[in-house]
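What follows is a pair of complexes built around chain A, which joins chain B in one and chain C in the other.
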Partner chain A sequence: MKISRAIAVVIAALVVAGARPAAAADSIDPDADFKAFRDYYTKLFPNVPLNDFVNGPYSMDADLRKQWEAIDDFPPYDFAIDRGKQMFATPFKNGKAYGDCFPDNGIGIRQNYPYFDLKTGEVITLELALNRCREANGEESYSYVKDEMASLTAYMAFTSRGKPFDIKIPNDPRALAAYQKGEEYFYARRGQLNFSCASCHVQNPGNHIRTEVLAPALGIVAAMPIYRSEWNGMGTMSRRLVTCNSQVRGVPLKPQDELYRDVEYYLSYMSNGLPISGPGARP
Partner chain B sequence: MRGGAAHGPALFVAAVLVLFAGARASAQTLPGQVLPGQVLAFDRGKGNCLTCHDIKGGDSPGNLGPPLADMKARFPDRKELTAIVFDETRRNPQSVMPPFGRNLILTDGEIEAIVDFLYTR
Partner chain C sequence: MRAWICLAVMLLLAGAAQGASTEADFKTALAAAEAAEQEAGALKNQWIPTEQALAEAKKAAAAGDFDTAVVQAKQAEALAKASIAQAKEQQTAWRAGIIR
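Coming up: the complex of A and B.
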């Protein structure tokens, strides 16, 4: 495999140093990774209840949690849920609607995404499924990062709140390869600042960059989409990945690039069993 | 020389400033003086040291790295401190500190100026 002797070396180094909570670098074993990943966080934060990790920085910082609880009476993402609900109820020009594209009419299913599609051999995220639904019904696709897409996913997450992540990796080499590519991307350093996703969200959860509290990677996907005060609006998982890459002065991929979908697949699998908490609000 | 009378004092001040900037090993903070290295260290687009380190005189520091204090005692060898700013991953591959020199985030001169400043803390 030419992908990366370099990445393998980085991952091996992380394993040696204990920075990567995972099994051996040269064998793909999602179950062992899952256990090591969860153990890493629960040992690092023995006082944080497992299901609280989905609340990101609020699970790490008491002051921040108080501020969050204060605004949660009037959550800043409410408008997005309402708008998403309305969009879901409005038929396309051909008379069909979003619900027709999903199991259970799209209600209470967010915890099953992303999934690996054995027919097309790729990871299907909720965002991708929504745009494919639109295209299949003769509608134009939406921007992946905010606005309509964030409203739709906010509503779908809201109807799934509390349901545990149930991500499956079918026994198919392509699915395992997607998982592994996502894992490698997550731990590989990039950008002028030389950060990996793991530099912040594995090595430094709960620590501060300036006044910002870094979220643990465990459960980080459960709160998507999120209202970020810093963005002054809603953002999807795609938006989060793109802005992370920009912040480390790297070159972001296109939203819903195959690699981004693989990362979401990996992270969601690591969060299996944790409850959907989205849409979320973050500073 | 034409205009010499008018330019004289300005040239003198400039020369003094250049001397100050060059006198790195003996950099000392005078009351009210801000070293060029402090500006670079606190600038979000340059050193941005406060994002991860507590430094006396800086607001809202982060804590990914250790506080930067007692620097003379901790780093008697200037080369060691300079090397850390240049690329700490060389010494510690797990470090999340950006390799400021290797990745051309700061020039060698900027790193020297920041090291000057750090020795005042």
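Coming up: the complex of A and C.
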């Protein structure tokens, strides 16, 4: 009798213990996620200064860092900054310019993107805001993945260098839903290779995948846009996401698809407080 | 000996039957594959090899090679169904990976 009662107690305890994480798992708590995310990386890499996570693979591989520091004497993204600056200052056909579409004339604001727009109920990334600015002024939109868009965002990121990410999640169920969709996209496995974003950037940062050192997800958005030797040119956040999907043999979503914007929102929130380092250079 | 001959004849017949795909067979296989791929698309989880197999199927059919076309279409359908299963599984399984 005593034994059966003891078994019943153990079973009840297991049921309760099993129920607790499930209940916690279903709630949306960005603050708790943020703390757990940061703790995970700082414990995994105790010798990496917090702000250095924005330098991705260079923060965890000494040889790679030396190469990067040598290359950074003549950064490969400099052309993009110059071109973006020129484009930014050139008025549209109607006489207005990019600066008219943004707070503070678009200078030093990169750290506030993406944001959740309470009017339209969606996440607005810097890339989307730039194309909407163009369209509102009678100009054609640019490709989201490289060329002009990479140059414009490179310049805008450059004017924000060192400023800490300041991503806000308004107290609105739609904003929380967007955040959670982004989180889900980040952790969900996809493609024929059955990889999630987290498979590389949570479970294996610092490890090699072929010749590349995988970057930590913490701070990964801070260096965007980036010059990649693999691309032989500049690429935006959109390009990075499209490429990630292709690499796991998944058909990429359309650049700036709602889910891509949501995952950028989630990752940027996780990077709050870390300095903008873009534009960056990666192997 | 007679048994071996019978077996050989059966295998030849089976091979001949498999190698006799028609345009109608292809259209049936393609419709099934495209329906599955459309479902994967609605889940935003299509796979590149599925698209490749569909393209190969259409290319073979255009060249009149319906045997290859049917094989590729069925391959595409199987891949699409795997991507659907993955997407449905991940609707809840993604939570297991969250950093806590």
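Here is the rule we use: the second predicted complex is superposed on the first by the 259 of 283 C-alpha atoms of A that agree within 3 Å, B and C clash if a C-alpha of one lies under 4 Å from a C-alpha of the other, contacts with A are read in each partner's own complex, and residues count from 1 in each chain.
The rule we apply is simple: contacts are C-beta pairs under 8 Å (C-beta built on N, C-alpha and C of every residue); 3 or more make two chains touch, one makes a residue touch a chain.
No experiment lies behind these values; they were computed from the predicted model shown.
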{"item": "Superposed model, chain A: greater residue contact from chain B or chain C", "value": "C"}
{"item": "Which of chain B and chain C A:R161 touches, first, second, both or neither", "value": "neither"}
{"item": "Partner chain(s) touched by A:K96 [first = chain B, second = chain C, both, neither]", "value": "neither"}
{"item": "Chain B versus chain C as contact partner of A:F37, first or second or both or neither", "value": "second"}
{"item": "Partner chain(s) touched by A:G250 [first = chain B, second = chain C, both, neither]", "value": "second"}
{"item": "First, second, both or neither for A:N194, with chain B first and chain C second", "value": "both"}
{"item": "Contacts of A:E184 with chain B and chain C, given as first, second, both or neither", "value": "second"}
{"item": "Which of chain B and chain C A:I209 touches, first, second, both or neither", "value": "first"}
{"item": "Set intersection of chain A contacts, chain C complex versus chain B complex", "value": "192, 194, 203"}
{"item": "Chain A-facing residues of chain C, complex", "value": "44-51, 79, 82-83, 86-87, 90-91, 93-95, 97-100"}
{"item": "Contacting residues of chain A [partner chain C, same complex]", "value": "21, 25, 33, 36-37, 40, 183-184, 187-192, 194, 196, 198, 202-203, 246, 249-251, 253, 257, 259"}
{"item": "Sites on chain A touched by chain B in the complex", "value": "13-14, 17, 19, 192-195, 199-200, 203-204, 207-212"}
{"item": "In the complex, chain B residues that touch chain A", "value": "50-52, 60-64, 89, 93-94, 96, 98-99, 103-105"}
